[in-house]
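Think of it as A, B, C, D, E and F in the order they're written, each chain with its own count starting at 1.
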Amino acid sequence: MHAVEVRDHIMIAHSFKGDVFGPAQALHGATFVIDVAFLAESLDANGIVIDIGRAHETLKAVLAPLNYKNLDELPEFAGQNTTTEVLTRHIFEQVAAAVRADELGRPAAEIASVRVTISESHVARAWYEAPIAA
Amino acid sequence: MHAVEVRDHIMIAHSFKGDVFGPAQALHGATFVIDVAFLAESLDANGIVIDIGRAHETLKAVLAPLNYKNLDELPEFAGQNTTTEVLTRHIFEQVAAAVRADELGRPAAEIASVRVTISESHVARAWYEAPIAA
Amino acid sequence: MHAVEVRDHIMIAHSFKGDVFGPAQALHGATFVIDVAFLAESLDANGIVIDIGRAHETLKAVLAPLNYKNLDELPEFAGQNTTTEVLTRHIFEQVAAAVRADELGRPAAEIASVRVTISESHVARAWYEAPIAA
Amino acid sequence: MHAVEVRDHIMIAHSFKGDVFGPAQALHGATFVIDVAFLAESLDANGIVIDIGRAHETLKAVLAPLNYKNLDELPEFAGQNTTTEVLTRHIFEQVAAAVRADELGRPAAEIASVRVTISESHVARAWYEAPIAA
Amino acid sequence: MHAVEVRDHIMIAHSFKGDVFGPAQALHGATFVIDVAFLAESLDANGIVIDIGRAHETLKAVLAPLNYKNLDELPEFAGQNTTTEVLTRHIFEQVAAAVRADELGRPAAEIASVRVTISESHVARAWYEAPIAA
Amino acid sequence: MHAVEVRDHIMIAHSFKGDVFGPAQALHGATFVIDVAFLAESLDANGIVIDIGRAHETLKAVLAPLNYKNLDELPEFAGQNTTTEVLTRHIFEQVAAAVRADELGRPAAEIASVRVTISESHVARAWYEAPIAA
């Protein structure tokens, strides 16, 4: 299996509901450094998994509505905690939609899966990986 | 698949038996930077894989008996080399036991697997991953 | 010149006032990974600049009132932007006060200066360094 | 599954053919930081996946013909782009051949797979992983 | 002293003249990860050393003529080796000129010095630091 | 001021004397990742601070007597704690002696100073910097 992975970041505010979160129930924030990996069984005729320039642009476009925001105020997250785990899934769904819409310049059928990793500090991170074919 | 990973470290002394180890047969030591990842098919009602605070505490508790020790003197490693690989397995077994005892605050049946990665320098690391269900 | 440096982190929310900040004028947040270095001309009788355990504890104590907070609501920052630069200075003042109060286990006169570095992402950081003797 | 991973690097020049590469169609270059992971179901009698010293030597030997070269001039890459993805596959094949020739000091049948990761910058990397048994 | 530092990168080809360079006398290349730090005695009224957005843009503009190029063909480097050290100085001069032309949004007199660090691999880097006031 | 820095590592055992060290009074160990920087006011005719190949070799030679050793048994450290700080100074003295003996391929008078940084974990490091001219 081949993979290509690109990195970007966002800086957001949010709060969590649930005793399990302790002091993180208060409004706080995070820098999320985000890696998105595209996995494919084979390379295309150019010798790539995907155009890395487009991968960077797609990630930036997906992150733009979140960057410099208070996630508590975004309708798409109403009623749920915007944990690092939830955000890996959210970003996956957005990136996967772009892949399925052939916006990455390669037929969606040739992309096996996508993995989104979010590093929230030097000692903690989360990731979500799933196939593109639903 | 979702995952959450936390990091901690230990500083230990040990020696190895076997010609393959060359100069590492002498008593030496290592800083082991340890990442433990918990993998789960789905998130819980709070939107998390596992309480990250408990994950950090569990890792710290597992590492405490090893930290600042000469591993050659610990009975649990008698008769075997405490290689980076062996230690990834040892830490996995301890963390997996905590998961199975429901000490991480989520039913063990909902944790698919655990992966332990040990970075021993800027140019070498090892990992061990296995399912929680035996 | 000798130095010892320790690392910790906080996760905070805040907003900025001033056109120069663009979208960062909105409420957002950051993970700040913080390194504090203690510089000294000579080592003490134990062969150290400072007790690294105490250095970690001092840093943690200084960061506690900021961690998981909306900095916009803290009285000590009223009327000023809590930029990365301002925070390096704030943390410096707190750590320097601890050094001057001999809380680090070494006479303040033997610590030449302190440097506080804050990494706000994988592509940006800030630092502040000043002598301990005012 | 166990794994051991070692790191080295090369500094090369090359150019790409294809509009998708934009400015990278011109002769340019890269530092490739390369991690090679060896995966095995079980450890050997010494408690290791593979001799880490031999792993480093094997990687260095595989990289030597590429290091400080213009890849456009190497016959083994004639007619194809030496993208990061293509190079992960090329290094995999060379390392896998060494494993299959028992040059790593452990029977090839006991090595499940090999993964080659190339970091080309702080924001982009690629990897290739495949079983050793063809 | 305060400082703010931003990061970007370029991918270039080049060769060196001189026996000291050994195999690096051949045409090869590098990814240079570049950090530029701006140092100032005091913060401005906004609480910053310099607008970090402009710092990123200035660095990108300075790097653009080098990125994806064979440095051997650039007239500005004729007759000299484009070593990592020479490039730190070259980038410094370009950034310093922008500072002196007040393009960073703060009077040049308030910027004490600039430091350019280039990481060429995970085991080697170079830097150049000098005052802005000539 | 120009600088070039190279990295290597050692894996050692040791113990400390003194209540301040707490559990580190027991025999334990560390991976020390060591960066040595050579600082110079000007570049030589080749456009370098120092031959980076020789810098790597010098560092490796200086580290060889320490690597895979129990530092408690080395006569050169008798009667003192081999703290990270003490080791930065020890390595500095060895590297400085090599510089003064013109083993780095550049006259000692042209090297202003040397800085040795030791990272002992992902959360702690120490450094020592001093002029070459005594």
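Keep this in mind: contacts are C-beta pairs under 8 Å (C-beta built on N, C-alpha and C of every residue); 3 or more make two chains touch, one makes a residue touch a chain.
Keep in mind that this is a model prediction, so the values were computed, not measured.
After Cα superposition, the angle needed to carry subunit B onto subunit F is 180 degrees, rounded to a multiple of 5. For the self-contact between subunit B and subunit D, the two sides draw on mostly distinct residue numbers; the shared fraction is below half. Listed options B-F, A-C or B-D contain a single repeat of the A-B interface, assigned here to B-D, on the basis that more than half of the contact pairs agree by residue number. Taking each chain's centre as the mean of its CA atoms, F is the chain most distant from subunit A. Between subunit B and subunit E the centroid-to-centroid distance comes to 41 Å (mean Cα coordinates, whole Å).
Between the Cα centres of subunit A and subunit D there is a gap of 27 Å. Centroid to centroid, with C-alpha atoms defining each point, subunit D and subunit E lie 31 Å apart. Shown for subunit A are the residues that touch two or more other chains, namely 7, 122-123. For subunit D in complex with subunit E, the residues that touch the partner chain are 7, 9, 11-14, 23-24, 26-33, 67-70, 120-123. Subunit A makes touch with subunit D in their complex at residues 1-8, 43, 46-49, 51-53, 56, 105.
Taken in their complex, subunit F has these residues touching subunit C: 16, 18, 20-22, 80-86, 88-89, 122-130.
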